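By letter and in written order, the chains are A, B and C; residue numbering begins at 1 in each of them.
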């Protein structure tokens, strides 16, 4: 292999990495919330993202209106779907051994993916909206990725503000610190669980909507995002919410950096090797977090 | 002084453990002679359980040494410490709930493998759990689980037994049996170190008491002396 | 009673031996696959059912065995039986490399690391095209050996069930369970938990390696997505769970029941197949997490060898 690295290439890596990273952060924050609050590993997280993506696709296909507006639909819709899932099933495996939550959410995921296939077929679907790129100093900035970056950043920061400043956000953080103490302090833990799953699903849906405008979508695409979200929360520290922001950016950069030297396939493996290494060196993530 | 050190079966010196900025155990030194019952007392959070954890290798100490029969055991993994002959019980009950009472004893590591079944039955009979041998430990009552955990550590054939609040939550009748059992262990030549909050138990049972406060040993001596010690009274009631 | 059980097992064994002489090609392959699932569910149970360490990427060992076997057959001309055993060894070596560090991880982190392992293996196999054929897959030379492979699968399933029997009824098995129940207390009772976990992990990886090799020989063609599917892991877990994880016969019972159900019922609903699979998983987790034998064992205080 003979790779000559120019400053423009490095710039491209950093920019593309950060652009992708913001979206990873947003999606992974949802997964981190569910894990932190309920000790549930939600394997269906990526599938909820896929459902958000299809919402945007059909919004654009049927109405022909600016697809970014579809976030106003996909997020609330998936918020409600998330609450429904929590209420009907997930609440039964809260604080159960990890095997239960892994299997349950996998079951939900496989059923939903199959439902999507039946309803919409497995064809690749695209939203032809914002195409093309700006070129600044030899660095190409895809327009749709730039916009997605903006949305992801605003939504993620909004979620942090919600966690930090609002009464309910504090209840969520208290519950993830210690459910017992939260309960004693008058927090309705069941309700916190319900809305946490709802919020997490809405974050996934926002990711799906933005992905749909950038890439072709199909029912099985979610799994990749589930895995990436695992990576992010491991890098950032499970149960450490600001860690998700850092983890997402880090994953974006690592992916882009390794794709400079390796094929796309191998760069995926790099991410997993890294996952295992980080787990071994710091089982609670780079930033640290709540141990189990 | 020096002959006592020579005779000690477990000797802890300058042991230190920090959690972040908090020093849970600070340069603690204790020496235990064989065949005696020792008490370890101190207010909540004074580092008693942390000390146990350091001795048994469940957490890695930051400084100091632990010697068992003259041999250093600090740095050894917990199963090695246990197999050498330093056994412990836990403050919160930690029986294996989905194993039967008998199985709870059979799994314990022993040098004498063939005698395990006989010894296990003996020990169950000793605490009158023999009829519940085939019952899952999780289905036993609190007191029964406490007794099961107490005899489980004896399966190790330990030279030193660390008991973390063995009397907590145990009713009067059971308590007297437990105390008798502990004395019997001492008579067999074992050394016992007990963390206990019930002062009556400590004063009635122990021959020598160590007092911890904020991770430091502030006093030691016979129970009658300890009761009158200014610093001890202050640690418990003052400030 | 004991004599009756032994006699029953002997009769079953004779029937299994004679079965290929009267069965059609489809029927032989049906039983062959059933044995495969019994072996897989049993092997998952050895690590996860007993120690509680959830191997959420157990199919990585299956795939590794399949590829090791496939490569030995195609490029080195090995006999499939020897190659399958080598496949098992390859899987065990992988387990040693990954298990030594990863078995220190607790709870969900171990599960996620194992999930990651499976992804890494799939990617690596796809990448080293020269050896594995990459995404194009690997074709094995044509060979009609269904009956022999049927016997080999049957031996694998019986052997791992026998091993499960020996382990669960031994002190070693009980010690594995103490790790599931309370690992810290186990260590404090002098049990070398790290060594016990590693042994169980190696054994539980060896069997899927062998079975993966037999699968590769039986299929005649393997590709990364066919031998590293997450769904395989889930299937073996659900089978073990349905029958009763941590028991001797539970995984076999679960594998037989769910496989027969799948072959006889679900295939008729081709479109809804995955939805039904998802529903079964959800139902098992929510309503019978202890499994059939687990419930019976608790209720009637059955000894562990049942």
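Points to keep in mind about this one:
Just so it is clear, contacts are C-beta pairs under 8 Å (C-beta built on N, C-alpha and C of every residue); 3 or more make two chains touch, one makes a residue touch a chain.
Because the structure is predicted, anything quoted here is derived from the model rather than measured.
Farthest from subunit B in terms of Cα centroid separation is A.
Among the chains in view, C has its Cα centre nearest the centre of the complete protein Cα set. Distance between subunit B and subunit C, defined via averaged C-alpha coordinates, is recorded as 43 Å.
Averaging C-alpha coordinates per chain places the centre of subunit A 32 Å away from that of subunit C.
Centre to centre, using the average C-alpha position, subunit A and subunit B are separated by 48 Å. Within the complex, the subunit C residues that touch subunit A are 48, 52, 54, 56, 98, 101-102, 104-109, 111-113, 115-117, 119-120, 123-124, 126-127, 230-231, 234, 237-238, 241, 271-275, 277-282, 284-286, 289. In the complex of the two chains, the subunit A residues touching subunit C come out as 35, 39, 41, 89, 92-93, 96-100, 102-104, 106-115, 117-118, 223, 227, 230, 234, 238, 263, 265-266, 268-269, 272-273, 275-276, 279-280, 283, 292. Note for the complex: subunit C touches subunit B at residues 171, 174-175, 177-178, 180-182, 184-194, 246, 298, 301. Residues 56, 58, 77-79, 82-83, 87-88, 90, 94-99, 103, 106-110, 116, 134-136, 152-153, 155-156 of subunit B are the ones that touch subunit C when the two sit in their complex.
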